[in-house]
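Both of the next two complexes hold chain A, though its partner changes from chain B to chain C.
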Partner chain A sequence: MDNPPDSTAQHKPRIRWHIVLFLAPAVLIYTAVMIYPLFNTLRLALYDQVDQQRVFVGLQNFRELFGDPLWSDQFWNALGNNFWFFAIHMLIQNPLGIALAALLSHPRLRFAALYRSAIFLPTILSFVIVGFAWKLILSPIWGIAPGMLEAVGLKWLYQPWLGKEEYALSALSLISVWQWVGIPMMLIYAALLSIPDEVIEAGEIDGVTGMAAFWKIKLPLIMPSIGIISILTFVANFNAFDLIYAAQGALAGPDFSTDILGTFLYRTFFGFQLQLGDPHMGAAVASAMFAIILIGVCLYLFGIQRRIRRYQL
Partner chain B sequence: MMKTTTAILAAWGALSGAAMAQDVTLSIESWRTDDLALWQDTLIPAFEAANPGIKVQFVPSAPPEYNSVLNSKLEAGSAGDLITCRPFDASLALFDGGKLADLTDLEAMANFSDVAKSAWQTDDGAATFCVPMASVIHGFIYNKAAFDELGLEPPATEEQFFAVLDAIKEDGTYIPMAMGTTDQWEAATMGYQNIGPTYWKGEEGRLALIDGSQKLTDPQWVEPYATLAKWAPYLGDGYEAQTYADSQNLFTLGRAAIYPAGSWEISIFNEQADFEMGAFPPPVRAEGDTCYISDHTDIALGLNAASPNADAARTFLNWVGSEEFAGTYANALPGFFSLSNFDVEMEDPLAQEFVSWRGDCEPSIRSTYQILSRGTPNLENDTWGASVAAIKGSETPEEIGQRLQDGLASWYEPQQQ
Partner chain C sequence: MTTIRNKPLSTAAMHGALIFYTLIALFPIFVIVLNSFKTRRAIFSEPLSLPTADSFSAVGYQTVTQQGDFLLYFQNSMIVTVSSLFLILLFGAMASFALSEYRFRGNMLMGLYLALGIMIPIRIGTVGILEMMVATGLVNTLWALILVYTAQGLPLAVFILTEFMRQVSDDLKNAGRIDGLSEYTIFFRLVLPLVRPAMATVAVFNMIPIWNDLWFPLILAPSEATKTLTLGSQVFIGQFLTDWNAVLSALSLAILPVLVLYVIFSRQLIRGITSGAVK
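Let's turn to the complex of A and B:
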């Protein structure tokens, strides 16, 4: 029974103060600017202003938001638009990003660095610049879009896209895709580069080459990255506001066809033109947005993330 | 010895008190960033020369953020002494919240009519809280060269109006009318509120809507939408994606012949257009009808209730209500018409044209601004979308009227019977 003396048992477990010290700035700042405002918003949503007095009204604001047609029509319209906005990103931006990454990682592609920079460049531009530039490009009066279509004999295809209810949201979604496609491209590109050559070579020996190698070997290996990109896209899209505001204003014209939860929240909370802001109803909208994002992220974490197989290479 | 010291101290105190009084600096909050040069180069020097001891600073913030910036500054107690007032409810809310001082007993208030003051009064008219500065008038500005070229006369009736538009369209050189629907307010303000008063007989209809005796489904409120729908073919290709700035540029570059305008465009157009411009009021429906114009009370100046320099600020406000200010301001900013009772001589011919309509036509203010935009949904904001829908034809005028009426009746009691 001559156990060697356990070194840890002789010392009392020490509180490692340096960890607390190093974490403190981040925790304090994060609490002050994120966690406290979040809970305060949730609290604010339970009150209302009656005759200059703040009154506790429980879930009344939410009942109005979901039940009163004046509010719920706008809310569901914005939510529906948000899903369409998200769908276009999922169906176009992410597959496109993967395809671009696959092309870029091709060993025989020349000028890869140039393409990579060119495609990534829009992500560092401000929303205001992107919104304004595209408004100008697509403008029926000064824009180059009508002229370019005319040059190839397709003028009849031209529409004032940003001004028509049926196209405006899709047009803006595609502009957003143009701006952000560089992000999934870079993430997937990094994932593809990290696949060891041995795996690809082993596949080649078994006769899996070309496209089959991509579908059968590379794609399963980058699945975790695709999962992360999807959830990032979801959170970003349901928090989106800037592009719509920059291009279409707070009323998300034409006729609210580009209204998403972000612009709806802005109008409700801060007011617009003669509409005075309503912080309590605004907080209710913000809480609803928070709930939607939370549900989405939970579905992903528990429904999808746990099923993605991870390969240890 | 002791006495002398006390005397010296007292004298020093009195002197420094006097020196302090001479050092009062007033600052003005405003959304008119465009007017910075005007205030600094013309208005403030004129006031300071006449009132030694009071200095004034003009510190505007960007128009879209003005309301929220001002509200948070007032909450925090860091707002300036003088507050530029938006008309009606935005300012009324500030007064009710105790942020703006009551100016009813200010001497200069005698220089303004009741209508001029109505935008900055409590609903019963008992208290006035801002000194009216200017109003803007709606109408149509046209390209005189283009009209001469095509042999056209400014129209007086609606029938003539559409005949003129047809003639311009037929000729094909010019886009008949420059207006877009992207910014939405353009269609409502320069469209609906411009031609509308002719239908609802200006103040008569506006007040009837407020007391609930007329409804937005009544013909006089629906028909302007039907007329707007007839504008669409004359607005040029792709007007759906044309912004307010696009419309201004189309007109000043000489590509469009008529521009549905607010008088505030005058100074910008004078700078940009190199052709002669004329103006005509909104056309009447039949020959000989009374014409109605939107002469909208737009801008005023109030006093921050928490200002430590209230006396100096009142001196300044009395000057803002004076004849001298009225003349200087109206001439420096043609298109912002003085609301005072003084006879203001204006040099700009286009501005004179606009203001001359006050003599022939019945003035009214925008129908959605007083009281009716106090709740949610907000009638003014709703009217923006409604005017666009009317022009595009995506809703019939009757559907629009019903929708607006339902929205208004949902919170406004007099409309609920």
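Let's turn to the complex of A and C:
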């Protein structure tokens, strides 16, 4: 306490170097490799290549992307497909994940850990394996699927699902659901386990048991987790690429019927076969994807998350 | 009373449903591995039967291990995954410590800035990333991938680790300060060992997407010397589409490493999720 007054005055603006040192590596790498390229991508969308010179063209690229049939047909097709891809995940993957988690979290269920690991296993596999395995199974040439359907007398149901325009996208979405259902299952499972026993017991005393307990007590309590899973599904789906590339190639066949924004971005940016790669159009596609994801996240944060009641446990 | 009488029935129904879905989950993997051990003719004529003395063949595995460069791809994947995880954990923990331990101007803002990356996929910035990697000469090096995956993993790592570091007791750190330990020693010697479970959780969450990524290897490092296992097996399928034994063996081999990683870390993953790491 015998510090002279001017020394405390000096004390205040002193930079605490250890804080800077602790933060610097993470902030530098994150800024240099993620944030800066992201904004640079948005900026590059406003340029074009003319005679090997980079020329500022304003919103011209976007006008082409949304309006010029050469680009816009592909763009709107990919966007529409992407919404269907997302819809199937929301309608099938997430309810299925919740149902599996509800079964697994049953207190007297035996072998729960075994089931959980088996169902989670596809999630850790690479898209290359997943894409190829399902292509084999569904292939009309190799014929596991037709053979199996025949065994149960349902052969007439069989179609070359991945090869027909009207089914291919739905089939791929279901394969993606098959692969990723482990994520909602695990997250909901954790949320269900964290519901205190007293709440369930209080319900039992009031005669709310079994299915009714799930619908009336547990489901409202896990709503925040369901909200988070929905937005994670949204971001993942509008940024998906690997499965479709691995199963159907960069052209997202048959006849672009499985093209989503990720594969469209890849083709635009890198080119494929006869199409030349165009970094500036690629940047425009990426900017459009960025806007879509941003709108989705904002809708969730300001529209949905605030309305979900958080129960005080 | 009805609930008690229905119990065996409902338990059986629950097991039935779970077994049914488990079969769906495992079936495609089973088909791949099973057929990788059969002769070409058996693969086509009886894709679902077990390999017998007659139909057993390991010729696919021979092809793959002899000419597929699989060892190199595997090594590349290993280097990229381990290095990225190391950098994510080290830099992520350092930043989390600064954010949770010290009060300074802009602390909140810095936390928010780093958290932004959780919701924005790094893939959106690919055009800019490639331009930068070309300018710095990092294209077709493993460094390009390591840097990208580190940047991609840091936001979630900081988010999770900050929560855990807040729970480390202040008394312990202050005792260290009284004993004259520097802030660095306090971080490395006292705090890091205590948050090891949280670090393992972060590692598992990052490991699988890095190991399985196809996009960045395809774009940043497609050369023969830097191919990762995922990209390598993708290319392999194209090249050897007529050699079914080789393709099936390659895919079975590609399942192995990630399966081993999962078995080692699965308890940590489940503990991490249930303790609320991502809630």
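We adopt the following convention: the second predicted complex is superposed on the first by the 292 of 313 C-alpha atoms of A that agree within 3 Å, B and C clash if a C-alpha of one lies under 4 Å from a C-alpha of the other, contacts with A are read in each partner's own complex, and residues count from 1 in each chain.
We take it that contacts are C-beta pairs under 8 Å (C-beta built on N, C-alpha and C of every residue); 3 or more make two chains touch, one makes a residue touch a chain.
Source: prediction; values computed, not measured.
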Clash-or-fit label for the pair chain B, chain C on chain A: fit
First (chain B), second (chain C), both or neither touched by A:Ile244: neither
Touching partner for A:Gly210 - first (chain B), second (chain C), both, neither: second
Touching partner for A:Gln52 - first (chain B), second (chain C), both, neither: first
Touched partner set for A:Phe127, first chain B, second chain C, both or neither: second
Which of chain B and chain C A:Trp142 touches, first, second, both or neither: both
Touched partner set for A:Phe270, first chain B, second chain C, both or neither: both
Inter-chain angle, chain B to chain C through the CA centre of chain A, in degrees rounded to a multiple of 10: 80
Greater chain A contact set [chain C / chain B]: C
A:Asp255 touches, of chain B and chain C: first, second, both or neither? first
Minimum distance between Cα atoms of chain B and chain C in the superposition (Å): 5
Contact residues common to both interfaces of chain A (with chain B and with chain C): 142, 270
Interfacial residue positions of chain A with respect to chain C in the complex: 16, 18-19, 21-23, 25-27, 29-30, 32-41, 44, 100, 103-104, 106, 108-109, 111, 115-119, 121-130, 132-134, 136-137, 142-144, 147-148, 178, 186-187, 189-191, 193-194, 209-210, 224-225, 228, 231, 235, 239, 241-242, 245-246, 262, 265-266, 269-270, 279, 282-283, 286, 289-290, 293-294, 297
Touching residues on chain A, where the partner in the complex is chain B: 52, 70, 135, 138-142, 146, 160-165, 248-249, 251, 253-256, 270-278, 281
Sites on chain B touched by chain A in the complex: 67-68, 88-90, 93, 96-97, 180-185, 236-243, 246, 249-250, 368-369, 373, 376-378, 380-381, 384-385, 388-389, 392, 394, 407, 410
Chain C to chain A touching residues, read off their complex: 3, 10-11, 14-15, 17-19, 21-22, 24-29, 31-32, 44, 47-48, 87, 90-92, 94-95, 97-99, 102, 104, 110, 113-114, 116-117, 119-132, 147-148, 150-152, 154-155, 158, 182-184, 187, 208, 211-215, 219, 229-230, 233-234, 237, 247, 251, 254-255, 258-259, 261-262, 266, 270, 273-274, 276, 278-279
